[in-house]
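Alright, structures below, take your time with them.
In the two assemblies presented below, chain A is common to both, partnered first by chain B and then by chain C.
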Partner chain A sequence: MSDYFIKLKARSAGLGFLLPSLLGISIFFIWPFASTIKYALYDKPIGGSFAGLNNFVELMGNPAYRLGLKNTLIFMAFSIPLNMALALSSALVLKNSAHRKLFTLIFLVPMVIPSGSTAFFWQKMFAKNGFLNGLLYSIGLSRINWLDSEYAMAVIVIIFAWKNIGYNMILFLSGLASIPKEHYESAHVDGAGRLRVFLHITMPGLAPTFVIIFIMNVINSFKVFKEVYLLTGSHPNESIYLLQHFMNNMFNSLNYPRLGAASILVAAVAGIAAIIFVKMERQV
Partner chain B sequence: MLLGLLSVLFLLPLIVTFTNSFMGEIEIALNYSGKLSLFDLAEGISSAFIKLKLIPAEATLKQYKSVLISDPTFLVLLSNSIKLTVPVVIGNIIVSALASYGFILWKFKYKEIIFYIYITIMLMPMQAVLVPNFIAAGKLGIQESYLAIILPGVFSPFGTFLLRQNMKSIPKSYLESAEIDGASHMSVFINIVLPQMKSGIAALAMLTFIEYWNIVEQAIIFIKDYTKEPLSVYLSRIAEGRISIIFAASCVYMAIPLWTLVFGREDLERGIEMSGVK
Partner chain C sequence: MKKFLFTALLLLTALSLAACSAGTAQGSSRQAGSAESAREEGFTLEGEVNGEINISCYDFTYESLLNEAAEKFESKYPGTTVNVNLFSTPPEIKTMEKDGMKMAIITTEADPQAESDYIFKSGNDIMSGQGADIYAIDVLPYYKYVQGGYLEDLSKYMDADTDFNTSDYKSNILNAVKYEGGQYIMPLSYSFDILTYDPEILETAAEDIFNGKEAMSLAQVLELTTGFADEYNVAREEPVKLINYGKENLFSTLFKNNYKSFVDIENKSCDFNSGSFTDLLNMVTAYADNGYISDSVFGMMKKGGGEAGSGAPEMPDFEDVQRRLSTAYMLGLQGNQSLFNMLNKDAEVTRMFMSSSSASAENHEIGALSANDFGDVEADVFNMFGMNSNSKNKRTAWEFIKFLLSDEMQSSLNIISLPVNNNARAENMKLEVVEELFVPVEEREAKELTPEQQAILDEYAGYIEDYSNQINAVTLTDSKIMSIVTEETNLFFTGEKSAEEAASSIQSKVSLYLNE
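Right, the complex of A and B next:
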């Protein structure tokens, strides 16, 4: 009998170490997430009646929500392929280069610098009477309202790419390093040209890494809100009004049901991403 | 040569912010307020543009003096950023180190499912996590305090994920031999496991520090008092008011993470790799 308790004690030793984390996660993530779901299913934060999926339906019909969602998706559609292409190219170039450490350092700088430090620079660069427009004016072109028109989307895509290229490049470098050298050597022996090597050895070898990097990019895309907020404040131009702008407004009005619904939708996307992420992790 | 030029272009925001931090107040006003000056009018320039000057005409340390010594505002805000960031880094490392060892030690049928929950939470963007954090803060009565930001940060599952990945490189024989010797789990943890996790912990510290030094979404929601804002948000609001010191302020603010990059580039790289593809 005491044998059982000894074994139980041994097995639960791990639990002891895990306890602070488990408790914290339950209190700050799991339990309130359950509350969020509950709020999303009722029509009023306090004393309301069960509303089923009404909040979700209402949300979909809300023009501000749709704008935020649309812009977030547009941003991702431009930003993710751009970032991954730039990072992959850089990784391929730097893979065997002697300057690899130096350039990795350079590319990591934007990620490490807090957004607030360069916000002023970007503001003065892209303002209506900013530096870039000054250049355009001096060569006879008309000014562009960078921050307050559809061009704003281009601006934030560029700034976000600048910030994230280092991060993605490191992931790609790591993925490239895991492709066995023999594959490249045998291709070389067979006389394969660069493009063929890339298409038939590099890309397939990179496949699971590629998916993981893609997922990380999808999740990280939401972080562009930092740059947008620091550049244009709480009420930006329509073309860069993102999901988080919408949610911020609801925080102020304490509209829990809508907030709950909006955040659960995002959580659902992240949940799917998590499933794919874990699957791919096993394959790397 | 070309690469050198591209690199300079790439680092331009950093370079400009740095060189301009040595500019005097008047020169900054001249260049950055975008208003027409008498000189412009004299030359017949009718449109005012902001000039991005690389080298100040007159270098001065006045900005830094203002930021670090004469003007208390910046130091208060800097301490706000520190008060937010440091507890999260320390707390998260402790909780995550313990938890990662716990995951190895615990023999439980469903522990991988629990780990999977960790991964799911970890992948949630701010937009999904902010509302639950907000609700929890409300129920615990801490919405007005830094704790609303610090506590979720301390318990963020990313740390546990990263350190557990890191643990995979510790040979099992280390752990088993200590257990056979009859050492308690805690002493195995402290004497054998922790030293092996040094680089993982360094990576986690850097990544967490960078993230919270640059915090924005949570700061907007939870911190309503301007004097309690961290620099990450405050610097963007400066606009016309205090442009004379913004460059120096930005430099001091970014100097700290840059410093850690210089010393910890390898650890940072490893941390990024471990969090994604290893």
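Right, the complex of A and C next:
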């Protein structure tokens, strides 16, 4: 009997601790998402009638949505692996460095600078009369309209990497620290080379970190929109029109049914991707 | 339990992504029912004219009119409060004086970010149920609002209100702004353009150019006049230009005349790649390169802020302005206000309010009514309003819109150009003839018209009404599309892009915008 009460008390305490976050999540995530689902099922947000899955069907046929989706996937395909590779390389270099703390601090600086300030910097860097074109001009090359040409995607990949490498690097450093030293010592005793150690000890040991960083990168890749929007407005060059442009513009034109449908699809795709990666991590 | 927690975590990750974009998408679906019921047949005006209404506008030109209307409305309907909210910055007015002559330069800088912020705020307010009752349709994407059901169809109020008589208004103007058959927008005034010519320069050539046609497009007239201009200027040291337009202004006018062929809002399509757009750009450049057109007075404004030229415009040189104002041009495209000046050249106001497009306009004569490239006579409409479907005080909001259309408000000095109200328009023309239009109401004298003035009024009113009756189109350009076109064509005019590159870029951006 006393055991039962102890367990009940422990559970109540646990629920008590969970309650504030549960309340916050319900108000700020679950309720808005439920409203989003409702909008997605109606043809108009005001005075509309039930439209079933029409908004989803229309969305799939919408050229702007498809372009945004395609560009977002291309952006992720380039930026996430590049970002993870650079962050891992930096972490491996800094792992045993004497200046680890200093460099960690330096790498974290981009995260604390407001997007508005960084946008100003990037504008000066990539503008038609900007710093980069000044350099090109000084060596006799013609200027490039970086943000309104085929190079625009590369620019936003650079911006994304600049902003996120530091954070990912810290996560990798933490992951590296969690790999037992004994594994490395055994490998050393067995005569394993650096590459073999990296492939068979470091990489498997970092698998959970990889999954977390991947998920964080997927989330952060949506946030690059802030910089892109500040640099190029609501309708940029076709090559950098992202899903977030579509959603932001849907919001501005008050097309909530389509916005809702797009949001649900993004949530579904992100959720499925996360499940697949977590399952893959478990198999490693 | 672990599985449950894991699934919950994944779900939250997914939700956090979706909520980023849709977190603010919490509208007031509770209003949906009221909007639905309002569409039912047998709509009647219910409730009393009472309480508070809010009016939101971005364009500063609405402010003085709305403030005046709010004050008069509150006096007429005790118990009402009208709040006017303006979001743009009023223009900067600079004056300069020399030898007793004064010149005022009013500059307005387009602020795309502020405009975008206003649209964002308006949308957010409407969906949260906190929006204004009446919105000025100045920069808002009205058709997107109509498609979403956010604007009331005012037709049902017009029909249900026994005090409102459609025949009291210029119905072709009201009909021309209808969208998908509904009167979602109510314009307060309108204007039209006329093509004019300098008879001392063109002489008999004017007959060949205008050939008795009642309406012509600017593109047509320019094309027909170039041959004459070549011959006329052959032995002249200082050639006479065709028209006092810079290439940007000329492009803008010709583009608007041809807007429908490039942009089809209802079918969500655009056509900037077919070649006619690049032809237009090249044609304007050719006019500029061959010296047929000049810089407009406004083109003389220099950009401050050092080499970058990004600062506020500086005052132009006084002599330069005077020189340009005294230059003669073969043709002119002038607003309807110039009609009175041309018919009554002795009037004092003629000298005060000559169109800025050409200072020689006082010597000009009427060539034809300006039409677009499809032969439609288009009006520009001003001070447009729409009622928020989510308004909690629609009765008072409608009464306010009706008040803006009343004889009293339509005769206001704050009304731009021709009022849509027939009585107010007739009264304004009479006041113009007795030179009291710009005199404050309380200082006006009840002057009787002399026979000469009556003759001028008859002729003037005849032109205005005849031309007004021919108006059969209003092109409400989308501010976003116009901003894309202006931005890209400026890159073409500064040589940073070719005509094809500019056209292709516009095509992709406008197409994206329309298909979102």
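Brief remarks follow.
Basically, the second predicted complex is superposed on the first by the 242 of 284 C-alpha atoms of A that agree within 3 Å, B and C clash if a C-alpha of one lies under 4 Å from a C-alpha of the other, contacts with A are read in each partner's own complex, and residues count from 1 in each chain.
Note that in this section a contact is a pair of C-beta atoms (placed from the backbone, for glycine too) under 8 Å apart; a residue touches a chain by one contact, two chains touch by 3 or more.
Source: prediction; values computed, not measured.
Look at A:Asn62: by the touch rule set out above, it reaches chain C but stays clear of chain B.
In the superposition on chain A, contact of A:Gln283 is made with neither chain B nor chain C. In the overlay built on the shared chain, the residue A:Ser89 is in contact with neither chain B nor chain C. In the superposed model, A:His235 lies in contact with chain C only, and not with chain B.
In the superposed model, A:Asp148 lies in contact with chain C only, and not with chain B. Put chain B and chain C next to each other and count what each touches on chain A; the higher total goes to B.
Of the two partner chains placed around the shared chain by superposition, neither chain B nor chain C is touched by A:Ser186.
When both complexes are overlaid on chain A, the residue A:Phe222 reaches chain B and chain C alike. In the superposition on chain A, A:Ala262 makes contact with both chain B and chain C.
Shared-chain residue A:Ile170: touches chain B; no touch with chain C.
Taken together, the two structures place residues 25, 28-33, 35-36, 39, 129, 215, 219, 222-223, 244, 247-248, 251, 256, 259-260, 262-264, 266-267, 270-271, 274, 278 of chain A in contact with chain B in one case and with chain C in the other. Across the complex, chain A meets chain C through its residues 25, 28-33, 35-36, 38-39, 44-48, 62-65, 67, 128-129, 145, 148, 215, 218-219, 222-223, 233-235, 237-238, 241, 244, 246-256, 259-260, 262-264, 266-268, 270-271, 274-275, 278. Within the complex formed with chain A, the chain B residues making contact are 3, 7, 10-11, 13-14, 16-17, 32, 34, 47-52, 94-96, 98-99, 101-108, 114, 116-121, 123-136, 139-140, 151-152, 154-155, 157, 160, 185, 189, 210, 213-214, 216-217, 220-221, 231-236, 238, 243, 246-247, 250-251, 253-254, 257-258, 260-261, 265, 268-269, 272-273, 276-278.
Taken together, the chain A residues at the contact with chain B in this complex read 10-22, 24-25, 27-33, 35-36, 39, 99, 101, 103-122, 124-125, 127, 129-131, 133-134, 137, 162, 167, 170-171, 174-175, 178, 209, 212-213, 215-216, 219-223, 225-226, 229-231, 243-244, 247-248, 251, 256, 259-260, 262-264, 266-267, 270-271, 273-274, 277-278, 284. Chain contact summary for the complex, chain C toward chain A: residues 6, 10-27, 29, 31-33, 35-36, 39, 112, 116, 119-120, 123, 126-127, 141, 144-145, 147-150, 308, 389-390, 480, 484, 496, 505, 508-509, 511-513, 515-516.
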